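Structure provided below as structure tokens; questions to follow.
First chain written, first letter: the chains are A, B, C, D, E, F, G and H, and each begins at residue 1.
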Amino acid sequence: MNDKLIIAGREFNSRFILGSGKFSLNLINSVIKNADVEMITLALRRANTNGSENILDYIPKKITLLPNTSGARTAAEAVRIARLARELGCGDFIKLEVINDSKYLMPDNFETIKATEILANEGFIVMPYMYPDLIAARQLANAGAATIMPLGAPIGSNKGLLTFEFIKILVDEISLPVIVDAGIGTPSQACQAMQAGVAAVMANTAIATSGNIALMAKAFKLAVEAGRLAYLSGLGRVLDYKAEASSPLTDFLED
Amino acid sequence: MNDKLIIAGREFNSRFILGSGKFSLNLINSVIKNADVEMITLALRRANTNGSENILDYIPKKITLLPNTSGARTAAEAVRIARLARELGCGDFIKLEVINDSKYLMPDNFETIKATEILANEGFIVMPYMYPDLIAARQLANAGAATIMPLGAPIGSNKGLLTFEFIKILVDEISLPVIVDAGIGTPSQACQAMQAGVAAVMANTAIATSGNIALMAKAFKLAVEAGRLAYLSGLGRVLDYKAEASSPLTDFLED
Amino acid sequence: MNDKLIIAGREFNSRFILGSGKFSLNLINSVIKNADVEMITLALRRANTNGSENILDYIPKKITLLPNTSGARTAAEAVRIARLARELGCGDFIKLEVINDSKYLMPDNFETIKATEILANEGFIVMPYMYPDLIAARQLANAGAATIMPLGAPIGSNKGLLTFEFIKILVDEISLPVIVDAGIGTPSQACQAMQAGVAAVMANTAIATSGNIALMAKAFKLAVEAGRLAYLSGLGRVLDYKAEASSPLTDFLED
Amino acid sequence: MNDKLIIAGREFNSRFILGSGKFSLNLINSVIKNADVEMITLALRRANTNGSENILDYIPKKITLLPNTSGARTAAEAVRIARLARELGCGDFIKLEVINDSKYLMPDNFETIKATEILANEGFIVMPYMYPDLIAARQLANAGAATIMPLGAPIGSNKGLLTFEFIKILVDEISLPVIVDAGIGTPSQACQAMQAGVAAVMANTAIATSGNIALMAKAFKLAVEAGRLAYLSGLGRVLDYKAEASSPLTDFLED
Amino acid sequence: MKVNGKIILLQKDINLFDFLINNNYEISKIAVELNKKIIVKAEFKNIALNDSDSLEIVTFVGGG
Amino acid sequence: MKVNGKIILLQKDINLFDFLINNNYEISKIAVELNKKIIVKAEFKNIALNDSDSLEIVTFVGGG
Amino acid sequence: MKVNGKIILLQKDINLFDFLINNNYEISKIAVELNKKIIVKAEFKNIALNDSDSLEIVTFVGGG
Amino acid sequence: MKVNGKIILLQKDINLFDFLINNNYEISKIAVELNKKIIVKAEFKNIALNDSDSLEIVTFVGGG
């Protein structure tokens, strides 16, 4: 079946985006393999002088890199980080994050919209992390975002789809791919999001904090595929206050 | 990875049991293939005189048949149906159902326990459908049940895992395989049940009432596998009232 | 408004039943007053030889006492406790509990039905604590129960209305007063149960473990009344996937 | 107990704000009485030439009027409506609403912040309706809002506290009174919001669409009080995977 | 004779096996109860039917 | 003159106050915008209307 | 004699009523089982205790 | 000169490229900001460093 995820014209078969944080480098590869990942996020940080090992050495070349702007507290800082990230020569994708809230790490939609406009004009493929506010989502779209990445719950919390009803509204109203980022803690939650029609799911902490990283990576891959197929199929109706037999009445018991 | 579902000594690779109701016969096969089904339920009914087509002609021989006792309102009726089913020569498995409630189709745990004891003594592999009552589950185990099959929601309702907290109690306390039957309406719900440690999931209506039976069958297969892997891995911890960054603080922004 | 709770012909204005466990005796009275309680549960235990203070001295005479059979693991033990309780001369009400599960304290519906029949025949007003199984509820009614008292969640857990969907089925199908017992942890949960049409709510741990017992007792009283009024009124409809303005469109902005 | 709701220095005993939409005028008064309402919202519209009846004739003088800016699609329109409302001589309170989304009626936080700043500078007591975004809430506070009024669900939907987890974050992080507006459909939901520490609750559709407006108004009043008392008391702890007896073990059964 | 709830008249002496064949039942896919007693297939030929008998002939159908 | 979106013709010179009274508006329960500018009630008598004016006259109604 | 699970020795012939009074039990607030049989209060004075008896004396306490 | 927040003293005249090489930076895996201005790799050799400069040298790490 031909069902590609298309972001700014690029086609992807995988609808699961991996976050690379909190893993020991030598696990990254098995996660990528187990989850058939095609896109992975990275962060930027000061380089060490000694030629210490670099995460790029652990990521197959065919993987699309999605640098994030984590650490940015304003649009200006995010733009600065995005430009440096592009200078590293790994493409135009940028996962835009602007966060100035230290406890719940809630994104600043206002600053994110500003930065989206600047970066989109500079040719970046901007994938903004956002709080799932329909009005903000429309403005991100107008500002040139390639996707929107609403949170399900606070970053790293594994609390799940607390924003589910509002993500469904985004899917209903926004024509860009809606990718759930942050908060998804289990494969069933990733599956539920996909069933509701989101284009893709991103996870990092859910895998990094699981008991077996390779198994959990595989679990997420399968759950995302399952949810996508269920969405394409269309879910069955729900009966409210009754039941409906799955078997014919076995008539020979009647007499 | 060697992770078999074992019921009364028989090994199964698939943890998804298919109900064959509400399908047109010529769809059964594609559902079986798409979901890699190894066990399928059937019902019993009066035979037609003319050599009309029979469902057995549509099910590959390698599939384990699980006849149910649907229509039975008492232990005695269920035993009668079970014996007739076995006489059809398709093995000793029986999905025991005793239902005398016409609106919500709630199973009668008391009668089910009685019938379990009789049938187990006659050598049946008894898989009783039940209301997820821990005490009843213990008595089913003592009566010789091979598994217990608690409901998630009323039959055919697609309402999901309304009994989730109590199914977790069964998984915690009952040593037999716990197989969720009835009510599961979406792959994400099947995945969630598997994540919680149930041994397998059965579905029928969720697929039969979906928009695309073949796709939904595949979706259930993948979701059940995903949930199993997540269970084997162990889920990540959930943070209650805070967030936790997935990226290192990007220090170069500090000065 | 004349809206009485009627149990075996006795009328009550209060629909909140208080459990007296886990309180220091000198708090009981303020709880009763704050919550306008008319019925309170008690347990039975070996008497001390020295004339130590007795809980009966702390409960106003007008309160209906509802002794429980806590500690009973079988119908026989429950019957024995019930008879002893009645011998204490405080009336014929008995809160029947038969529990032989030490971890989740799940009631044994089978034994409870047996004991209900015996005690009802002896003239007790039997209020059986039960796991919300519709079939068991029907048998309790047939055995002579005056009410049924399904659990919301495990005793003392404060986990809330985990069984909500099944309690709604009991309200729909059982003609006796349905009184939610066990598990209710907050006033909003008590209110939600009452909104759904249960006849009354019992709580003990939710108040005993709260920060301020007198305030929480008052809170439960008000929440139960609120839920009852909402049930009598009938709830408003729920819109699924849209909104509806509460104000007229302010036309003068149009031109 | 002295527990006042204080908004911009004004004290209120009632924590339930009534919306006056969708009622026939001669019902308003009984709703106000039954719910002990002290503050009621109004909308602005073109006046009719004939001296037709006016809602002000139906509202007791002691009630604080809270005109809304419904119909405003931009900050400018909201400011215009607010000024006209104040010109009617009923005080400085304004419920600020800026909505340019026709399907879900989602508020525009950006425009709302702009209008808040303008109106606060003009001496209005600004109570902005908002989507519960923590960052936007902080900016509303900085712009001079007297309270924030986050939505629970889309206006008029009666879908309840879909944003509950994020409203708890607002209560935790914002020092202004947090008043839940929109979406609350039942008294139990109002109670739950109050238990979580919100300062007040507003409802309109839940009462206007109920079966008995007077009863439901009373129900909301009681539920809000119950939730407030529970919050002041502090809720009891929740046990995760076990139960805890409310009665002492009845030792005399042991031997 | 009663067959699956319907009354029919036996034209002539006939055993269970022949009756089923004549009525196009697929022996391999049915189970039979005669007067509420299950009859194993091996016995079909040895069982003579008469009009007082009640016969139930069942097979598998789709069911959940 | 435009009044609440409708065109009307002024028969004669008239000030805002008289216009409102003549048209049965309850002064105490309305607010008035003349050409998008709010007019305080004290000024009603001092404002002469003419056909080029646009008048908005609003009042409170039920709303949530 | 066994009283609420504890063995005690009866010094002298004594009836149930006196035993309870001597041991400071509040008659109005207890129920008594003698050898698993409930004894109504009216009978207390007529029942002579002996060392082979087993007595359960119960009362109400707080419980949910 | 300030390098990634730390003060160092330049021993001799040196261009950016040599400085990075001498300090074992992997040119292919870094991006450089000189006095808050990004420097493209092609320019590294043409840029002479001096002690008043502030240099930021960044690379990729794991992040979500």
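Side notes on the structure shown:
We adopt the following convention: a residue touches a chain if its C-beta (ideal position, glycine included) is under 8 Å from a C-beta of that chain, and two chains touch if they have at least 3 such contacts.
Given the structure is predicted, the values throughout are model-derived calculations rather than measurements.
Traced through touching neighbours, the fewest hops from subunit D to subunit E number 2.
When chain centres are set by their Cα atoms, the one at the greatest distance from subunit C is H.
Looking at A-B alongside A-H, one finds more C-beta pairs in contact between the chains of A-B.
Each chain gets one centre point, the mean of its Cα atoms, and the points for subunit E and subunit H are 93 Å apart. Our note on geometry: subunit B versus subunit D, Cα centroid distance of 46 Å, whole angstroms. Between the CA-based centres of subunit D and subunit G the separation comes to 62 Å, rounded to the whole angstrom.
Each of residues 4-5, 56, 58, 61-64 in subunit G touches at least two other chains.
Shared interface positions of subunit B, defined as residues touching 2 or more other chains, are 19, 21-22, 43-46, 68, 70, 80, 103-104, 106, 155-156, 159, 172, 204-205, 245-248, 251-252. Partner subunit F is touched in their complex by these residues of subunit D: 19-23, 25, 28, 41-47, 49-51, 54-56, 65, 67-68, 70, 80, 83-85, 87-90, 155-156, 202, 204-205.
On the subunit H side of its complex with subunit B, the touching residues are 4-5, 56, 58, 61-64. Chain contact summary for the complex, subunit B toward subunit C: residues 100-101, 103-104, 106-110, 131, 133-136, 139, 153, 159, 162-163, 165-166, 169, 172-173. Of all the residues in subunit D, the ones that touch subunit C in their complex are 19, 21-22, 43-46, 68, 70-73, 77, 80-81, 103-105, 154-159, 185-189, 191-192, 195, 204-213, 215-216, 218-223, 225-230, 232-240, 242-253. Every residue of subunit G that touches subunit C in the complex is listed here, in rising order: 4-5, 23-26, 28-33, 36, 38, 40, 56-64.
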